[in-house]
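Below is one structure; the comments refer to it alone.
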Amino acid sequence: MPDGLLEQFDRLIEAKGYDNRSEALRDLVRQALVDQTWVPAGGTADRDTVAVLVIVYDHEERELGRKLTHAQHGHVGSVLSSLHIHLDERHCLEVIVLRGPRDAVRQAAEGLVATRGVKFGRIVRATTGEGL
Amino acid sequence: MPDGLLEQFDRLIEAKGYDNRSEALRDLVRQALVDQTWVPAGGTADRDTVAVLVIVYDHEERELGRKLTHAQHGHVGSVLSSLHIHLDERHCLEVIVLRGPRDAVRQAAEGLVATRGVKFGRIVRATTGEGL
Amino acid sequence: MPDGLLEQFDRLIEAKGYDNRSEALRDLVRQALVDQTWVPAGGTADRDTVAVLVIVYDHEERELGRKLTHAQHGHVGSVLSSLHIHLDERHCLEVIVLRGPRDAVRQAAEGLVATRGVKFGRIVRATTGEGL
Amino acid sequence: MPDGLLEQFDRLIEAKGYDNRSEALRDLVRQALVDQTWVPAGGTADRDTVAVLVIVYDHEERELGRKLTHAQHGHVGSVLSSLHIHLDERHCLEVIVLRGPRDAVRQAAEGLVATRGVKFGRIVRATTGEGL
């Protein structure tokens, strides 16, 4: 590995609080393996998959809270649980944990993020932990 | 009262040996009066208090989800976080954690339970752990 | 219903924020029905049941956090999800949602509350909402 | 690096067309360097910031659960709440919501991800919703 790259990497992992390079490299490899399960070539459509969805929205927005709850209940096989944080009098942070066949999870998560009025949405492609 | 509810109640009071509905209702009311004591003597109105609220409701019920979210954001100083479990396509279990001055917490929790359409509500008066 | 009882009840439901007596009575009836499903005579041991467990403990207590996590994973069929609130530098509030056959849920919940070192524990016997 | 992990990684890099492990690792390191930017230019160090951390770990791993709980309580000003999902008998998914001054939130989140034994960690930099 080029020295310049290694130096930057060492600074990065120190800043992030890793004890050593090996631990940090292991994490990068695991991350690459998790990411891979989500692409068509890297796993099957019905593979048991976990995702976490983070959205921020204004609950005063016309019908938005209702639509989001309704959609989550429509995917009741995949949506395990939601954590709701009341950011201020209008804004909600909602964390939604999904588990199920990969493509069902992906579809449910993408549909929720795309809901009109959601101000912020990120899908974390996580893992059941198996094999890592 | 919905017929289904009344039927189940009649079976319950028969099993318990009540002569009639009125007597059974009187007992429920008496029990509620006994349970009501939030031990006002047990601390000051502004004592730092933790409570956990458990409610079950039908999110398809007209405007109910919206009303509950709205109310929680209105008590944003006391409501810390909610955990939402999707029980089935209609029913929600929501666990709401409140912390703040005792009387503000009590008022927020009781108002949420009393919201029309909430099918089940229980308030657990918890503790900050201090002094135990 | 005796006038004295009714008066007290009216004061109670007004304080709790109910709109009227009917709504408050319905809630009492539903509560009685939910409670009933938990007693041996009122439901079967394998009835689909929901419970919420609230515990407060000191995570610095020797091995306690580990024991509680271990026990929850041992009941992985019944324990759906936990919400953890960091009350202060030592104290944790944990809300654990359980769902499964009634007696498995009861046993898991009672075992967790009885764990040595748990300072506070309450089991809320909740409901799937069905039939209420 | 555990053999199982290495085998999976070798299959992955072969599928992706890399000539050898070194080249693939270099790319992961480069990607990590690109991803690292928490956009310091995007706000001041004490700007009110919300982040969501998703980690997966084996709670049977020596002392790991305890270390993570301890660390979260050490950042009690920033860590609002955690949602714990019991994936199977060994694996935990934990979602941790943080809010506070930007640099305190970043430090807490990165330290948790870097904890030895955490198999998967992703930090979502969210928003308070203000101004969006």
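We call the chains A, B, C and D, going by the order they appear; numbering starts again at 1 in every chain.
One rule holds in what follows: a contact is a pair of C-beta atoms (placed from the backbone, for glycine too) under 8 Å apart; a residue touches a chain by one contact, two chains touch by 3 or more.
Just so it is clear, the structure is predicted and the values come from calculations on it, not from any experiment.
Counted by residue number, the contact pairs of B-C are over half the same as those of A-D, the matching pair from A-B, C-D or A-D.
Distance between chain centres (mean CA atoms), subunit A to subunit D: 11 Å.
In whole angstrom, the spacing between the mean C-alpha positions of subunit A and subunit C is 30.
Once the centre of each chain is set as its mean CA position, subunit B and subunit D turn out to be 37 Å apart.
Multi-chain contact residues of subunit A (touching two or more other chains) are listed as 80-81, 83, 85, 88, 90, 97. If touching chains are joined by edges, the resulting network of the protein chains shown connects every chain directly with every other. Looking at the complex, you find that subunit A touches subunit C at residues 80-81, 83, 97. By the touch criterion stated above, subunit A contacts subunit D in their complex at residues 1-2, 5, 8-9, 12-13, 15-19, 22-34, 36, 41-42, 50, 52, 54, 56-58, 80-81, 83, 85, 87-88, 90-91, 93, 95, 97, 99, 119-120, 122, 124, 126-132. Looking at the complex, you find that subunit C touches subunit D at residues 59-60, 63, 65-66, 69-70, 72-74, 76, 79-86, 88-90, 92.
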